[in-house]
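Each of the next two complexes has chain A plus one other chain: chain B in the first, chain C in the second.
Moving on, here comes the complex of A and B:
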């Protein structure tokens, strides 16, 4: 069998061993994650594997199949020039299917004054872009994919992976983030154009510090700016859908989520621009007791 | 990098062997154990070992995950019991669900996927109807597959529950009807043991022989290390609890036409997991045993299946075991034409 190259990464509380037939995705990861704490003792919570879909697809129209300790039977392979995306998806897959130490919410999160703002919603809601934008404006970036909720303490743990920007958000962020923090542009992926940015150094250095969840937003891009209240039962059900391991955690997940819904302020937020969103968020944040 | 699954087998057989592992060795072991669905069993086996702090939470997670799997399996079994209650027929739990429902050592830390039950063959139409009424649906709507199951298999086509998303396999015997051995299904049903829940599990010897038939007379030995671990646990527990277990086992193996399979299973379990076996039942080592070991250990430290040629050979064998040659040709032809 083909030899695999590999690399260890530590992000927040999780450690990954990423193994790949090709050097390319590992070199890209090594460059983009260079300021993350070194993880060289060989331990890992998860192994991600990037291998050709069929042996001959290593060289001929190379296609990257994503698997690892946890895998999905129908995962579509990606072309080699999107192998960085494959590596990131592979790590997400391990977390989504295998992580049990926290309740995972498919949400972005940023922190200020020890308190966390979470934003959740479907792809296209802008949660990733908003977190990236706020991270450039005084907030500490905690993650754009998963918010990790500790079931015992109720605190949010940081999981600051690369920020994944899609389509129009790429140009918008190029205006405020220096070039050297951008990864390669990957065009025409299954999710459109994708380009990663490295989170601000400060958020990487502080990735071990937790925050108390204070505000949860359900952003919706493209509508007149507005804030709406939501019923607790609706919030609860939408969060069960936004959690990848709510069912897998059983009663622990239920307890963590009900406590979260009971204690955190929640709003649905419509907006048409980053500036509008920022204004609405600043207003809400100053009202928090 | 580990080139086979020996470290997992060692850790299960003799937990203190893990003390020699370094960080990368642990990561290999964990990937192998996850791929073989043995991470929960391993975690329980290592309960008294002082493992590195990096590994501790991984094992704790595995224990919690299998605790929940156990609870869900028992709930699923009870859902089937409630659905089938009007029939008043014996519902025998099989495999993982049976081990946890009967509180056997084989159930400790075991991962459990589908619910497997066995009922009398003449009850199948009524069982099918009640399950469909209670929310289970067919998984494979293909008419060829459906007819194939009904004519030649030991179970109904798989059903899945539309709300809970859990599969149920309803068996009427333990091996495909086309396989060479014909286990005596009605004897298995007659000897089944009633649990407090009113569900049944097979009697000890039958339960072990079913596990053996599943591994050595059906399928291509994929995931076989877990199945063999079940066999190890069952043998140890039954041999200790029942004085005449080995005699009964011999009688039942003959009845179910599984004597040869029993011998091989005992030799494999003894060789890999150090299972204490009665020599008369295990027989003398055979050359082919080496191939079985090779196949069972075919997993590298990245968690990948390796030894492609050996695996392929056992895959072909699995079809050979299931069907006579002419039938196999017809089956593969039909499957090929359907793409």
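Moving on, here comes the complex of A and C:
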């Protein structure tokens, strides 16, 4: 069997070993994660493996099969020109299925004044784009995919991986983020057009800093701007749906999530543009004690 | 003879009221249940005792104003059957 190339990445509290048949995704990752702390002791929480689906698919119409410590049996392979996406999906998969040190919420998060704003919702809600936009406007980017809630302290840990932009969000962010922070444009992926952004350097340098969760938003893009209260029961149920390890954590997860629901302000937010969302968020943030 | 029931021991459950609903985390199964009134009151009234539905209704009536026109024991029995299926109460 052919030797795999390796790259070690440390993002927040998690360390990954990405092993690949091809150099291409590792070179792209190395360039985009160049400002992240180096992991040199060979230790990793998870291994991601990017290998051809069949031996001949290494060369003939190369296709990248995602596996690793945790894997899905029905994961479709991606073409080699989408191998960066495959690597990112592989890391997400390891976290979603294997991480146990924190309660994992499928949410983006940004920080200001030591307090964290979390945004969760279905794909297309804009949580990733909003976090990327706020990161360019004075907030510290903590992550666009997973918020890591410490069950002992109640604090949110930063997990600032590359920001994954989809479709229309790419052009919107190109207007405010310099070109040298963008990864390659990957067209017609299973998720549409995808392009990654490197988070602001300050967010990377402060990835070890935690923040106290202060506000949780359920954004919904495409509706007249509005803010609505939500009942605690609905919030709790939606957060269990947004967590990939709530059940696995057992009583620890229950205590962490009930404490979160009891102590964090929550709103449902409808919006039609980034500017509207920013205005609504600024208003809510100024009301927090 | 009326069926006897026993609730999961209080130290096996963590109850957490939210708004109109209450969460019950069952330690033995790791399952989180979300229940509405009068389920939390029924479980609390049962404590660790072995009781019939009529016994439970009697205990509830001492704490709550139950309408005379309602057969409280029948209502409690229906909830006890549901709680048995959830594993929060067992038939003895």
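In this section, the second predicted complex is superposed on the first by the 289 of 289 C-alpha atoms of A that agree within 3 Å, B and C clash if a C-alpha of one lies under 4 Å from a C-alpha of the other, contacts with A are read in each partner's own complex, and residues count from 1 in each chain.
Simple rule for what comes next: contacts are C-beta pairs under 8 Å (C-beta built on N, C-alpha and C of every residue); 3 or more make two chains touch, one makes a residue touch a chain.
In this text the structure is predicted, and so the values were computed from the model without any measurement.
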Quiz prompt | Which superposed partner A:232 touches (first chain B, second chain C, both, neither) | solution = second
Practice problem: Return first, second, both or neither, reflecting whether A:258 touches chain B, chain C, both chains, or no partner chain. | Solution: second
Exercise. Based on the superposed arrangement, let me know which partner A:250 touches: chain B (first), chain C (second), both, or neither?
Key: both
Exercise. In the overlay, work out which of chain B or chain C sits against more residues of chain A.
Key: B
Quiz item: If you stack the two complexes on chain A, which partner ends up touching A:240: first (chain B), second (chain C), both, or neither?
Solution: second
Quiz item: Now for A:100: first (chain B), second (chain C), both, or neither, which partner does it touch?
Solution: first
Exercise. Please work out whether A:17 is in contact with chain B alone, chain C alone, both, or neither, and reply first, second, both or neither.
Key: first
Practice problem: Jot down the residues of chain A that show up as touching in both complexes, chain B in one and chain C in the other. | Solution: 250
Quiz item: Okay, in this complex, where on chain A does chain C touch?
Solution: 231-233, 236-237, 240, 247, 250-251, 254-255, 258, 261
Self-check item: Parts of chain A lying in touch with chain B, wherever the complex brings them together
Solution: 1, 4, 15, 17, 19, 41-45, 47, 49, 51, 68-70, 98, 100-101, 248-250, 252
Quiz item: Taking the complex as given, what residues does chain B use to touch chain A?
Solution: 22-27, 30-31, 34-35, 52, 54-55, 57-58, 61, 64-65, 68, 71, 300, 302-304, 306, 308
Quiz item: Within the complex, which stretch of chain C touches chain A?
Solution: 14, 16, 18-21, 23, 25, 27, 30, 32, 34
